[in-house]
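All chains are identified by letter, namely A, B, C and D, in their written order; residue positions are counted from 1 within each chain.
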Amino acid sequence: MYEKDKAALTPPLGWNSWDCYGPAVTEEQLLGNARYMAEHLKPHGYEYVVCDIQWFEPLAGKFHWNYNAFTPLVMDAHGRLQPDPVRFPSSANGAGFAPIAEQIHAMGLKFGIHILRGVPRQAVYSDCKVLGTDIPCHDIAHPNSICAWNTDMYGVDATKPGAAEYYESLFRLYAEWGVDFVKVDDICNIKATPLEPYSAEKEIELIRRAIDRCGRPMVFSLSPGPAIIEKAWHMAKHANMWRITDDFWDDWSLLREMFWRCEMWQAHVAPGQFPDCDMLPIGLIRVAADGKGQYTRFTHDEQITMMTLWGVFRSPLIIGGELRANDDFTLRLLTNDALLHLNQHGGVPFQLFRDENKAAWLNFADGVPYAALFNLSDDTAEVSADLTEFVGSEPCEAEELWTNARQTVSGKVSASLPPHGAAIFRLI
Amino acid sequence: MYEKDKAALTPPLGWNSWDCYGPAVTEEQLLGNARYMAEHLKPHGYEYVVCDIQWFEPLAGKFHWNYNAFTPLVMDAHGRLQPDPVRFPSSANGAGFAPIAEQIHAMGLKFGIHILRGVPRQAVYSDCKVLGTDIPCHDIAHPNSICAWNTDMYGVDATKPGAAEYYESLFRLYAEWGVDFVKVDDICNIKATPLEPYSAEKEIELIRRAIDRCGRPMVFSLSPGPAIIEKAWHMAKHANMWRITDDFWDDWSLLREMFWRCEMWQAHVAPGQFPDCDMLPIGLIRVAADGKGQYTRFTHDEQITMMTLWGVFRSPLIIGGELRANDDFTLRLLTNDALLHLNQHGGVPFQLFRDENKAAWLNFADGVPYAALFNLSDDTAEVSADLTEFVGSEPCEAEELWTNARQTVSGKVSASLPPHGAAIFRLI
Amino acid sequence: MYEKDKAALTPPLGWNSWDCYGPAVTEEQLLGNARYMAEHLKPHGYEYVVCDIQWFEPLAGKFHWNYNAFTPLVMDAHGRLQPDPVRFPSSANGAGFAPIAEQIHAMGLKFGIHILRGVPRQAVYSDCKVLGTDIPCHDIAHPNSICAWNTDMYGVDATKPGAAEYYESLFRLYAEWGVDFVKVDDICNIKATPLEPYSAEKEIELIRRAIDRCGRPMVFSLSPGPAIIEKAWHMAKHANMWRITDDFWDDWSLLREMFWRCEMWQAHVAPGQFPDCDMLPIGLIRVAADGKGQYTRFTHDEQITMMTLWGVFRSPLIIGGELRANDDFTLRLLTNDALLHLNQHGGVPFQLFRDENKAAWLNFADGVPYAALFNLSDDTAEVSADLTEFVGSEPCEAEELWTNARQTVSGKVSASLPPHGAAIFRLI
Amino acid sequence: MYEKDKAALTPPLGWNSWDCYGPAVTEEQLLGNARYMAEHLKPHGYEYVVCDIQWFEPLAGKFHWNYNAFTPLVMDAHGRLQPDPVRFPSSANGAGFAPIAEQIHAMGLKFGIHILRGVPRQAVYSDCKVLGTDIPCHDIAHPNSICAWNTDMYGVDATKPGAAEYYESLFRLYAEWGVDFVKVDDICNIKATPLEPYSAEKEIELIRRAIDRCGRPMVFSLSPGPAIIEKAWHMAKHANMWRITDDFWDDWSLLREMFWRCEMWQAHVAPGQFPDCDMLPIGLIRVAADGKGQYTRFTHDEQITMMTLWGVFRSPLIIGGELRANDDFTLRLLTNDALLHLNQHGGVPFQLFRDENKAAWLNFADGVPYAALFNLSDDTAEVSADLTEFVGSEPCEAEELWTNARQTVSGKVSASLPPHGAAIFRLI
């Protein structure tokens, strides 16, 4: 265990603006969701309110749900991006995110932001100097390392004087604002190639060091996935969570595939070190500039499967939908306290079995076993798991956490599950 | 933790015949090394005496240090290979390895054998039936899955009736013989390709099940490497140790590369689940039919580096050389009790850093920190590691385990190391 | 141009038993199709009658449309496979394929057979010696090179004494039989891997040499694909045709993909050297043991597209269906003399353009341009090609070869094409 | 054959500034080499004088033999780069390369320039508009396609309005200047990846179209290699030459490897379509800012091997060294008229054989065979090639083109060759 693990001893629970607002979230939306969280979700453990990508982009979301290329960014004299004061009025006059953070803190919650690794393109082409130095920002840019899907940044070349100072200047600012969580993007799915040798590892190390020195604990989250498993040790050493999947949306094939991803990453779950299955695309998502969005395409059974898997695997649980539009089902889905208890206080999860049609997982919290059963097929099916090796075969009570039904079992749990459905049993 | 983990809660310590005798080891050599172990190594914890590949091959080693193709094998009527009675006289008349196992047990040691996954080619082309069934052996052979470097076997097709029964018939026999350790080869470095989809996973599962049912605990070791890290969870679930490298020999470039392999596998060390750096090619190895061998090409410093890395990483320690030819240095290298204590009773190891020239690792045993420093360069170098994050900075005693030199340190250890050399400190 | 090119200066035209009879074709079926060819197709240039895989397997096709594993084969004392005398009665008493070849030659046609590279597994496990030598067949087997989908053979290790002699003994026998065409399988889609370095190249060279020395010209065809384009030069040097695709069947997605394959291979078409798009799965195919088969699933338009592409690209045209079941459409499709003229006497084909929805090709025969237009989309579409660069823009007559419609064009051809349809114009 | 092939019916012969002057060549050096060429090389067929990369970069070569990152470039108001008037004084006042081209033309030679695909980064970050349009240059930039080793450009997104116009504006300018040859870089070794799908193909097509419309024939050369052989057809269709290797320098291992590259590309040599082995790094190369350079590290024998391979393979012959520093050997090497005749007027080359130690190639010019023998080993060796298949076995005269020695041969040539040496015979 590392010192940095203390920032997230349990999987972070919270909300992120991407799935509902893309690059265009506003102050009103952030705070509105924060208030909902304070009222409805905080009692269950949720605490992070995270503002996703391009809060510094005045035109974000104006034309489409995507990034504008070569667009002007709001930036200070030292190449540090600033919230757009139109979208975030309280940030005017150099206040940055401090006023928003303050309000969120006042609700008893925590505040997070998204950044892309690197230094702004706009800083590279201006006369900006890294704060406290005479080093021009373009001297620290890695001239051939740019994000494949967004034009805002150049990677930082960690071998250059000023590189560490730049990242430290960023995180000192974030600490001043009161940031508690930082999701760093374009950083963990990059595989070295002969033409483009991997460099983001060094940027992960610079950011780790900058957080350690900024004077404020922050959760360090890596994105996008799929993270590279040969580098699991490196992410475990420097970050608190890392995405094991590309962007996850409300599509059964992606959810089905997550079982394979969790299988592969199961041994890597540890306090302060969480493989991340990505946000929960539930409730109202994909809200366009006209305010119209879509309700998740996942069925209720699929949503139960998702929450059960994220829960037993101990993924961070970051809600993607506009919270204020939650229906009863969605709210209940998010506030299953027994499942949340397992998610927060379980141990290393492990898969009991998986084939084309079925899967089962086991985890323990406070010595109590929780067994999850999944029906991956398109038909109703009976799924069972033999737990004798782990719990013996003495009769005991098993409570299903979604229905609260109880039964007596002897070393084995079974359920008849609807297509794409799940059940999870606590053995008492 | 799985039930099967109990067979090897700590990394197995022992000797294996391959590095010195290749495919041609004899009863006299096995027992001679066992007696040496009982006298010199058992007090330090070594216990396994493992007979490597082709004990069923009468002509092994007669012509060259390699395998004869399409060679006749000693086999029973049910397709189960038997020790060659010329090389292993006590095995005559169907006794198999039981007499040798008995003698080794009488010394207070344990006995292991090597097998190749699959059913003998010779059984496929005879009228053998799987024991207790009417199923011909050729019905369970996977007709297109053969080892790339040895012609003795066909893979077993796990989907075929008789496949499980065949493996169970093998392991019941091994249990009768008194086998305590089985090294299964040609099984863990196979990556699926479109032309040849991966199948050995299913054979691992069949063997696990056969061991569980054979009535005798056995350590289950997988070979050759490099094992595939995406499948770490599968090996951890079914086996007790698995090779993370192709055959390891006395060559600095292979030893240097092992640092990268250990880095990648560090999170996967657990009781009953050990990534395996392969045998220690030290002392007298590569003994030919004329009895002449070579002494290891590793320098003393390289051997210290190897033992230190295997020790702190908690690899199994399986000696490869003819024990009776050990010189004083080699025996001392193998019997450093403090290092062996860490190897046996440490926790999850972790690399502190690594670059082209240096590396450092940390592990704890009984709450006591052990820090290892390595000089990977070709020049003498000073290597240090800052341990403050893990042990604080209060002054304490540090004992170097190869020299027993003591010094007072404050959260940091340093050493001037010869080229390819190492040091390891216990902080008290 | 090589001497061996003379065996196939133009793309071979003929019939092959695989698509209709799989591994189970009989003498009656071979000769029946030959008689149909002599009557209906020979006037248009077709001449090869090819007996595909496992003519030496008595049980082929008895149980399923696939290969029996470890099945006994009909073989002579020198490890040379022989026709099964039950399926091929005229081959009894050691006559081999000579009587069938004689009958086919008497019809003015040519005779071909299929073989798998290598030496029979059954020869490896018997006491066979390579003809004219004291070398046991198992000495020339490559013990770890076996076909991924059939158990009949081991690869031949070209470095072994007897390897060349074995292949020469085969081809002298085939020459005695009167074989004119040999399709060698399991030989051209094998990519070297670290675990299994490529060896089939050397077998191609041995076979080339054996054909050159056998005293009879033979077309040398390589299978299966996709052949490896880095080795195009090697196949061009030693063979007459090589498969650029895995087995091709009556499925639009495979036909669509062939446009990409032809694009990639277009520069490699030369006299005696033909990239091969595989058999034409038309008419009655997949005939089971009960005599019931299926008519091709290709639509008429798709069949026209296939013939047009194979025609302009100058692929060999080897019919896959039971000829005696041809309907009028199928026979007309196969006997478009203008298209066959282009196929036989064209030059190097080249693709004019290709995108998701459309493609066009150009070739010249006797200085006359032929332009083919393809509609790859699922809707009716207008497709045009500008030919000015190649034919100038003077008005000329264009005859569409499937409809015989004529029009005057000026450097450009156009057609309204049905979904998956094609047209081909000869400019006069 | 395409219309564009007429620009280079035979392999281009000439000189390029890269090997001697890197990114820093000057007008004086260009013209000095041109004058040398006119006097010494033009009589043998050499005609192209090519100014390599970064003629628009005022600081090129000032600090190191590499590219400056984010450096200011000389550019016109439409995003078109211009020669730096300090390094190229005659280009002042908007004259561009016209005065230099005029002088080179006056010597009876041709003039070439190097460009990188794309639009200048500096144009993207200014208000430049594509000439004759209202489209800002940043609208045509592909925001995530940048060269991996130079920061000057963004790729052009071929789907954007203005993309074709931009390239056309470039080539009209080059035509006005009098450019005869354009080497386009960062364009032919890019393999599609999921994160970065291949796009340069579309830029090749845009450039082809721009050349066709510019009113002046130009040789179109693609760089760097290794070009991707699956796309051979595309390069053959649009370009006149393409690099089959990464940068080639005076290192035997690179020269040895070229035999494998030529083997793979041999079928693709055609009029107007030449696989390119890269410049000849001979004579004085790597000249630094202080005027000091190095003489090639190739031995004389290696240089003869290189010229013989490039000659028989029909690679373009572009000299890399400072011509005015040529010694007698170098000049003789470059002016072997018999070899140059083969290079210019040969057919499709083909390799007779190649193994670890030897290779042989054959080509014909005007019906006369030329056979080249190579000793790839480090020892003197006898190398022979049997040509009977191609030339019969009648006795004829064979002249070795480097020594002019003659002998009578009968279908076979042989030579005793020094290590890394070669011989080439013309059979008369």
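Everything below uses one rule, namely that contacts are C-beta pairs under 8 Å (C-beta built on N, C-alpha and C of every residue); 3 or more make two chains touch, one makes a residue touch a chain.
The model shown is predicted, which means the values in this text are computed figures rather than measured ones.
S.K.: Which chains contact both chain A and chain D?
M.R.: In this structure, no chain contacts chain D and also chain A.
S.K.: What chain is the most remote from chain B, judged by the mean position of CA atoms in each chain?
M.R.: D
S.K.: What whole-number Å value describes the gap between the mean CA coordinates of chain A and chain C?
M.R.: 55
S.K.: For chain B and chain C, let me know how many angstrom lie between their CA-based centres, rounded off.
M.R.: Roughly 50 Å, centre to centre.
S.K.: In whole angstrom, what separates the CA-based centres of chain C and chain D?
M.R.: 40
S.K.: Counting only residues that touch at least two other chains, what does the list for chain A look like?
M.R.: Where chain A is concerned, no single residue meets two or more other chains.
S.K.: On the basis of the stated criterion, which chains touch which? Give every pair.
M.R.: A-B, A-D, B-C, C-D
S.K.: What residues of chain B sit close enough to touch chain A in their complex?
M.R.: Per the touch definition, chain B meets chain A at residues 2-3, 229-230, 232-233, 236-237, 263-264, 266-268, 350-351, 389.
S.K.: Considering the complex alone, what residue numbers of chain A touch chain D?
M.R.: Listed in rising order, the residues are 69-70, 124-125, 138, 141, 143-144, 146-151, 189-190, 193, 195-196.
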